[in-house]
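Two complexes, one shared chain (chain A), two partners (chain B, chain C).
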Partner chain A sequence: MDAFAALPEEINHLVAEFSSAPVAGDLTVGLTQYSFWLLVAAVVFAVVMAVFVKKQTLVPRGVFVNGVEYLIEYVQNDVAKGVVGTGWRRHFPFLATIFLFILINNFIGLIPGCKPGTGAIGCTAALALVTFVYFVYFGCKKHGVIGYLKSLAPAGVAFPMNVFVWVIEVFSLLLRPITLAIRLFCNMFAGHIVMGSFSIMAAIFAEPLLEHFSAMNAVGALPSLAWLAILLIIYAVELIVAFVQAYVFTVLAAVYIQIAEAEGH
Partner chain B sequence: MKLINRAGRAAALVAAAGLLAPVPAFAEESAGGASILIPNMAEFIPALIAFLIILVALAKLAWPSVLTMMDERSKRIEESLADAEAAKQAAAAKRREADQIVADARREAADIVLEARRDAESERARIIGSAHDEATALIARAHENIEDERRAVYASSAETVANLAVEVAGRILNERLDEAEQRKLIEKYTEQVGSLNG
Partner chain C sequence: MGVIGYGLGVIGAGLAIGLAAFGATGAMARQPEIQGRAFTVFILASAFAEALGLIGFVLTLIS
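Take a look at the complex of A and B:
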């Protein structure tokens, strides 16, 4: 039961480790471990796309080209065409880039020893801000600035209720980038905390056995197997979460773009 | 190019928004609690710049060619499907044409067979008629010959019988009757005999 006693301290230590820490400069000007891995993911993404563009042929061949094409077609059909609609081609580059960028960041974070670029609120806030500016820009471009602001209030609501609804809609609009950033960050952060917790539990329970082999320690280490099994299951779930979160972020971005460009509510 | 320009303008807007953000608000030490939800500029700025560079670079260099290739593929597939459909239609038309030709050939063959049978039938009838006529003519001619032969035989036998009768009667009657009377008597007799046989 010493293992359970040591657990809170280890979890606190783990959470502290997951907090942003500068690897170059400081927290204002520099790089944290998350922004470092985000840059690594950006480079990986650029390399993947460069290789893909070079290898892409009329008849796709090979696991790599087919795999990337599958993802791109997924964004094209399920997100761009499915959500944005007729004007999908104009927004496809943004949607495909943001989906693959987040996906690669999430998957890199699942490699032991690496961190997800999306595991820090600063990184997800940047992506959310770009998305916010993007859909507001296209909303203003479609309707004009005044027209876009007017379009926030639903049509057919009588004065003064329409003013009240407009204020609520403006708040809703301003909350969109915040919810986008926090949703992605919390999912990735929490998933990694859970995985880290179970790996700590597996290590703590096995530690006495590794230090001194005895029947007592062997029995005490048995829960480690259970924690390890749960860890593997959570890891598998995190693989799905990595994909789902990239999908959710991209679909919401597509929905916001569609709403911003819609003729009327 | 329009897309690139739009992306560039969007990038400029985002960069301006990032630079105008209140820096001190992001600069707090993240030691846990609520501060974990405060963005650090050391993460926000590199992420913003990295994403915008990737977005602009891919929008300019990758996505147009990727979409072009996928469109070209879709077009080729549609064309191939259309060609396959046209080839299928052509094959079906050829098949119908071939079936029509076979049906026509069968009908023609049946007509030919029917005509040949009709010709054979008429030829048979003609041959049988001809043979029948010939046979009738032969029979008639045979009858005539037989009649002639019979007449000749009768004439010859009457002559012979008359001679014999004259001779026999002459011998029997020792020439009481002259020859002319005997001949009349015999001719009368032979006529009676001929009427009995005729």
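Take a look at the complex of A and C:
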């Protein structure tokens, strides 16, 4: 049972490792480990897109071109056409950019040793803020500023209730970017903490065996196999989560754009 | 204390994911041809519910 004695300290160390720390400069001006991986993801994104554009032929060939095309068509058909509806063509570039950027960030975070750029609240808040400004801008463009503010309350509600509903709708509007940011951040952060804790568990039980080989220690290391199996399952789940969270963010952005542009909401 | 709080908070998320799975399996049993779409909606709904549980988890860790 002395294996568990070291656990709280290890977990604290793990959590401290995951909070933003500057690698160059300081926290005001400089790079944290998250913004470093964010830049890496941006470069990867740019390279993937450049190669994709260069390799594009009339009939797509190869795994790479077909794969990227499948992702883009997925956003186009499922998110842009399916959720935004008419006028999807104008919003498709924004939605595809957000989807692919978050997807690449999440997947880079899953490579052992790398960190997800979206695992810091600052990054997701920036993404959510961009989305917020984007859909408010298009709402204002469609209805006019006054018209947009009026369209927040549903038409056909009698006068005193009208104001009440409007206030509630304004609150829900302001809560949208916050929930977008927190959902993505919490999923990436918590997912990596959980994976980290399970690998710590696996390491703690195997540690005596690595230091000194004996039958007693070999039996003591058996639980670490179980922890390793759970770790692999969690890793598989995280692969799904990385995709689903990018998808959820994009779908919600599309829904908000659709609501902002809708007639007589 | 924080761990107890997380345990309390996760009850809601657990109930929500359970309800989503209940609805999805019910729909799939009634209409097997809707399986693909129902599964997508189920994953989406559980992602929403899961986020609430994770907020509790992260708050326990950072506060």
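A few notes on this one:
As a working rule, the second predicted complex is superposed on the first by the 265 of 265 C-alpha atoms of A that agree within 3 Å, B and C clash if a C-alpha of one lies under 4 Å from a C-alpha of the other, contacts with A are read in each partner's own complex, and residues count from 1 in each chain.
Quick note on the criterion: a contact is a pair of C-beta atoms (placed from the backbone, for glycine too) under 8 Å apart; a residue touches a chain by one contact, two chains touch by 3 or more.
What you are looking at is a predicted structure, and each value in this text was computed from that prediction instead of being measured.
Contact with chain B, but none with chain C, is seen for A:A120 once the two complexes are overlaid on the shared chain. In the superposition on chain A, A:G25 makes contact with chain B only, while chain C stays out of contact range.
Legend: residue contacts after superposition of the two complexes on their common chain; A:V53 is shown touching chain B, with no touch to chain C. Of the two partner chains placed by superposition, chain B and chain C are both touched by A:V15. In the superposition on chain A, contact of A:A254 is made with neither chain B nor chain C.
Shared-chain residue A:I193: touches chain C; no touch with chain B. In the superposition on chain A, no contact is made by A:A242 with either chain B or chain C. When the two structures are aligned on the shared chain, A:I182 is found in touch with chain B and with chain C. For chain A, the partner that touches more of its residues is B, with chain B and chain C as the two candidates. Once the two complexes are overlaid on chain A, the chain A residues touched by chain B in the first and by chain C in the second are 15, 19, 182, 185, 189. Listing the residues of chain A that touch chain B in their complex gives 15-16, 19-20, 22, 25-32, 34-35, 38-39, 42, 45-46, 49-50, 52-53, 56-59, 69, 72-73, 76, 89-90, 92-94, 96-98, 101, 117, 120-123, 125-127, 129-130, 133-134, 137, 181-182, 185, 189.
The touching residues of chain B, when paired with chain A in their complex, are 3, 6-7, 9-10, 13-14, 17-18, 23, 26-27, 29-32, 36-48, 50-55, 57-59, 61-63, 65-67, 69-70, 72-73, 76.
Chain contact summary for the complex, chain A toward chain C: residues 15, 19, 182-183, 185-187, 189-190, 193, 240-241, 244-245, 247-248, 251.
Within the complex formed with chain A, the chain C residues making contact are 43-44, 47-48, 50-51, 54-55, 57-58, 61-62.
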